[in-house]
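These notes open a run of structures that come right after.
Note that subunit A is present in both complexes that follow, paired respectively with subunit B and with subunit C.
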Partner chain A sequence: MRSWRTGVLLFSPLLLVLAGAFIVPLILLAPTSFREYQPGMGIVAGSFTLQNYVRIVADDYYREVVLRTLGLGVGVTVACLLLGYPVAYLIVRGRPGWRLPLTLLVIFPLMLNLVVRSFGWIVLLTNRGVVNNLLIDVGLIEAPLKLMFNVTGVTIGLTHIYLPFMVLMLVAALQNVPRDLEAAAATLGSSRFHVFRAVTLPLTAPGIIAGSILVFVLTISALVTPRMLGGPTYQVMATLIYDEYMQLLDWPSGSALSFALALATLLIIWISSRMTKRWAGLA
Partner chain B sequence: MSNLTLDHVVKRYSSVTVVKDVSLAIDEGEFVSLLGPSGCGKTTILRMVAGLIDPSGGTIRIGDRDVTRLPPNKRNIGLVFQSYALFPHLTVHENVAFGLRRKGQSGAALDARVGEALAMVRLAGYGERYPRQLSGGQQQRVAMARAIAPRPNVLLFDEPLSNLDAKLRDEMQIELKRLQRELGITTLFVTHDQAEALSLSDRVCVMQDGVIQQFAEPETIYRRPATAFVASFIGKPNRLAGTIRGGRVALDEQLELRSESDLSGDGRPVEVFIRQEAISLAASGDESVNRIAGTVALRSFSGPQVKYVVRIGSDQELVVEAPSSGPAGDLAPGQPVMLEVHPQDVLVLSRETAP
Partner chain C sequence: MKSRIKLLTAATMLAGVAVSSASAQELVLGEFGGSFADNVKACYIDVFEKETGATVVTKLANSAQQAAAIRATAGQSDMDVVFADDAFAVQMANEGLLVTLDRAKLGNAPEIIDGAWGKDDAYVAAMLGSTTIIYNKDKITTPPTSWNDLFDEAYKGRVTIGDISGTTGWQFLAAVNKMAGGSLDDITPGIEKIKPLAKDAVLLYTQADQVVSLFERGEIDIAVWYPDRAGVQIGNGLPLAVAYPKEGAVGIRPSIMIPKGTEQEDLALKFIDTVLDAENQKCFSERQFIGSVNKNVSLSDAVSAVVPTGEALNDMMFLDPSEMATKLPEWTRRWQREVLR
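Moving on, here comes the complex of A and B:
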């Protein structure tokens, strides 16, 4: 009981900030999301409609944006996982001399501004960018590949930006796997690959899940990178919300979309924390 | 089952050599302990045998197979860790089955072998539990079952009992010895507990700073230590400085002792070791024993035993143990005493080999 109360007290400053900065505005937005919006007239006072929510699933355009956002989230998460696991493994299990340089390499991008990093990718990925020029010069392709203003560019940019988070989560998970367990499996006849599959991978599952949630949630709520690398036509939920508010001034629809996004995020966190608990119960 | 041979094995870490030219031949079915102080290279040797550390030089042979460059999974060994190293995400049954599955066993045959191994460590019926649901002693036994289930050629133990409390450790020692006898598997056992090493092993290998000091039966290690280090490491010896003089060892101008050790080389400086438990305070009337006159300086009572610090000769001291209920259990400081030591209990070793 006592420790519970201590916990609440320790958390209360953070809870207050979160409540003030996120929860209160969200609740204030709730009534707006049920208002009717008439183009050119604005919000109809005193109206009540569910249309803003229905549209998210019923309207083809909205549904496409939602599915695209979720797809992007899955794609970036998988890419971060596939690229990040080997790096994390090398940091934890590789030569001690590589540890610091590799860790710095992973963390360094975090020190650069998001906009700068996205611009970097524009320089690399445009039609006359570094990558296309190189491929053409080498003779692999004749016409430039379309790497920007589509899903490819956004996936590359977001993967790069969220990779450090995934790697850091995986490093923490790998450091928790005692080396004796891997040694024990080896003496019992496991090849290096089997040691990894039967011991290391299951024991890092909680870290994999935690890292994946983090990257997924960050991806589906990302605004700057999809806007810069996706251009004006490649819409995801965050850019759509931004446009509804700032361009169309359709606050009710934007609010409804915000709520849908927040709800999806919470749902995903809830499901995966249940999964983690089941894994961690064994690990 | 096969013998285990280490031939001039060396391990270097950049500038330091932690295992220096170790040669060791363990017979088939034999139980050998590696005994030595912390940091002397015991774990390093064990892990080189397991294939977890690459030796810098020398060869390791299991049976007639040179395994020096083989990975651990090709060596057919069983290793029991101090930390148990059970797989936390697998049940006890699956932990024990792990090595068997690697050998291609499955189905009823596998279940039978797992059941057999668990019965051997008296954990039948615990198969469905997870390691975290077991006590430390039970976890240790699962670790043993896991190591023996695939019937390895060599069993390796790295201080497997040091995390257990004293009573459980005694029980497990007996259990371990019984198990090893039943299976007849060649065993290398690392420990820094001398009582454990002496009571469990067929032969004990005493090490210091990466060098083998003596490799012999427990009795020999105890009664005829080969070096000053072994003599000082085993038991609770008194350590005195002396000189060889006319076929005897002299502790000072007046005090000379007879000994069955090598007493050649007149004037040679030596170290003299006399175990506390080998010194008697009772007069036996036997003319062949050494007699040493002294004065009690200190008495310390510890239940069944009393310890005395006795001042002898001009400036030397001996610690003597006596049963507290006997006639010598009640000596007061300042009282003169006559100590008796049999010549075979006076160990004389060259001073150069002292650490």
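Moving on, here comes the complex of A and C:
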């Protein structure tokens, strides 16, 4: 009984923050998403319509943005995993002397403000930016490559920003893999690659899934980086929601989109946690 | 155990209590950022503070954000006076969120041009800006004379225009649409004409200051932009010039208004009166390179070269803000779907 109460007590600050800053506003948003919006006049009081939700599925522009957001999420997650796994492996299994500098290198970008990091990428990727100028000066290309305001720029920017989260998750997972299991497999005649594929990789599956969920969810809800590196031409759900609210003042439509995004996120977390259980069970 | 709960409750309460610091002689002003804020401080706030002894606290945001904030706090606004473009001001007025300005309490009201007053005196324009053509005079020797010059093959890939989320974006669309034979109800000709220009544009800017670096880095030679911003950059040494197209530049009326719920209506009116004063208007126009709404203001030559005067002022196209407020969402949706894709 006592431990249960202590548990609740320890949990309550977070619960209060979540309830006050997330759940209550979300509930307040729900009625708005069913209201009708009349341009120039505002939200029609007392109206009820499903149009705001129907449009997300029926309108091919909204559909494109939703699919693009999910695609971007998958792309950034895969990129973070492929780039992050070797780094995490090196941190855990590499020479002990490298551990600190490598960890610092991974964490360092987190100490800079998001806007500053995104702006850094603008300086690098713009038409007359560092990358394009270098490639032109070397003679590899004649006209500048379009690296911004499209999927390339946003993927590069988001991968850079969310890579630390993935690496830190993988480091934790790799540290939990007992080395004797790998040694045992090697003694029984497995090649190094086979040991990695059959022992290390499945044992780090929970870390891989947790890191992937984290990166995926952060990516599909990211606002600042897509806005700065994607511009008006590369809209994702978060920037679309921002525009509906702030530019068009169409709060009902923005609320409906917010719910769709929240729902998609919850669904994905649920599916992946089920997947983790299966995969971990097989290992 | 009990004391721990007490401690927790106390901590929660402490965090939850919002400390209200608004004193009677504090005026909260919602305004735009950048050089605008600097000049408002120099020409209006400093004068106002000296005359009234009140202090002015500023909240910086663009028109849409100010409008969103006024709506979110409907009737209990935390701001006493707000600057926003007239398209948003009229929407706020329609939603019943603004206090009607009492001209009797504004000593400078008789000196203000008629076109500056909003519907039912819900707001008043504080300055006159415009959307027009800005070009690099080192690269383009013959000054452009028409919106059509932007579509010239010679400038292909050397142009920037604004995204529709910014004022220049929808105003340029309206101007091109009119030129191509469309009307406010039929935007298709404008959309069709702009589409290829937008595709070839270096970028569609969403922040006015993005254009500065494009000119600095030599990425563009010509832009649809604001003469006041250009004026500031000319002062900083950029080789820019302002051209007013013969079809007419599009007028912008950044306005000032009082949201409902302010407890300091009189002080807010006093601030607006300070803004409308001829001397202060001249100060702001000279610094911001923007037209004045006070009839008794005469501008210096440097500013007159940038702001529309004479024929350019006569040709200027003014869009009805209440009609624009109803049209803009539809225009934006079509822009997103047809121009940006």
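One rule holds for everything that comes next: the second predicted complex is superposed on the first by the 272 of 283 C-alpha atoms of A that agree within 3 Å, B and C clash if a C-alpha of one lies under 4 Å from a C-alpha of the other, contacts with A are read in each partner's own complex, and residues count from 1 in each chain.
Rule of thumb we're sticking to: a residue touches a chain if its C-beta (ideal position, glycine included) is under 8 Å from a C-beta of that chain, and two chains touch if they have at least 3 such contacts.
If you're wondering where the values come from, they're calculated on a predicted model, not measured in any experiment.
Enquirer: Looking at A:203 after the superposition, I want to know if it touches subunit B, subunit C, both of them or none. Which is it: first, second, both, neither?
Expert: Only subunit B is touched by A:203; subunit C is not.
Enquirer: Does subunit C touch more residues of subunit A than subunit B does, or is it the other way round?
Expert: Partner with more touched residues of subunit A: C.
Enquirer: With the two complexes superposed on chain A, say which partner A:61 touches: subunit B (first), subunit C (second), both, or neither.
Expert: second
Enquirer: Just checking: does A:45 make contact with subunit B only, subunit C only, both, or neither of them? Give me first, second, both or neither.
Expert: neither
Enquirer: Thinking of the overlay built on chain A, is A:246 touched by subunit B (first), by subunit C (second), by both, or by neither?
Expert: Only subunit C; A:246 stays clear of subunit B.
Enquirer: Once the structures are superposed on A, label A:188 by its partner contacts, choosing first (subunit B), second (subunit C), both or neither.
Expert: Only subunit B; A:188 stays clear of subunit C.
Enquirer: On the A-aligned overlay, A:104 touches which partner chain: subunit B = first, subunit C = second, or both, or neither?
Expert: Neither subunit B nor subunit C is touched by A:104.
Enquirer: Could you pull out which residues of subunit A sit against subunit B in one structure and against subunit C in the other?
Expert: In subunit A, nothing is touched by subunit B and also by subunit C.
Enquirer: Hey, which residues of subunit B end up touching subunit A in the complex?
Expert: Touch residues, subunit B against subunit A: 47, 50-52, 71-73, 75-79, 81, 83, 85-89, 98-99, 102-103, 130, 146, 150.
Enquirer: State the interface residues of subunit A toward subunit B in the complex, per the touch definition above.
Expert: So the residues of subunit A in touch with subunit B come to 178, 180-181, 183-192, 194, 198-199, 202-203, 282-283.
Enquirer: Quick one: in the complex, what on subunit C touches subunit A?
Expert: Residue positions touching the partner: 1, 4-5, 8, 12, 64-65, 67-68, 71, 90-91, 94-95, 163-165, 202-204, 206, 217-219, 322, 325-330, 332-333, 336-337, 340-341.
Enquirer: Give the list of subunit A residues in touch with subunit C in this complex.
Expert: 5, 9, 12-13, 16, 39-42, 61, 127-128, 148-149, 227, 231-233, 235, 243, 245-250
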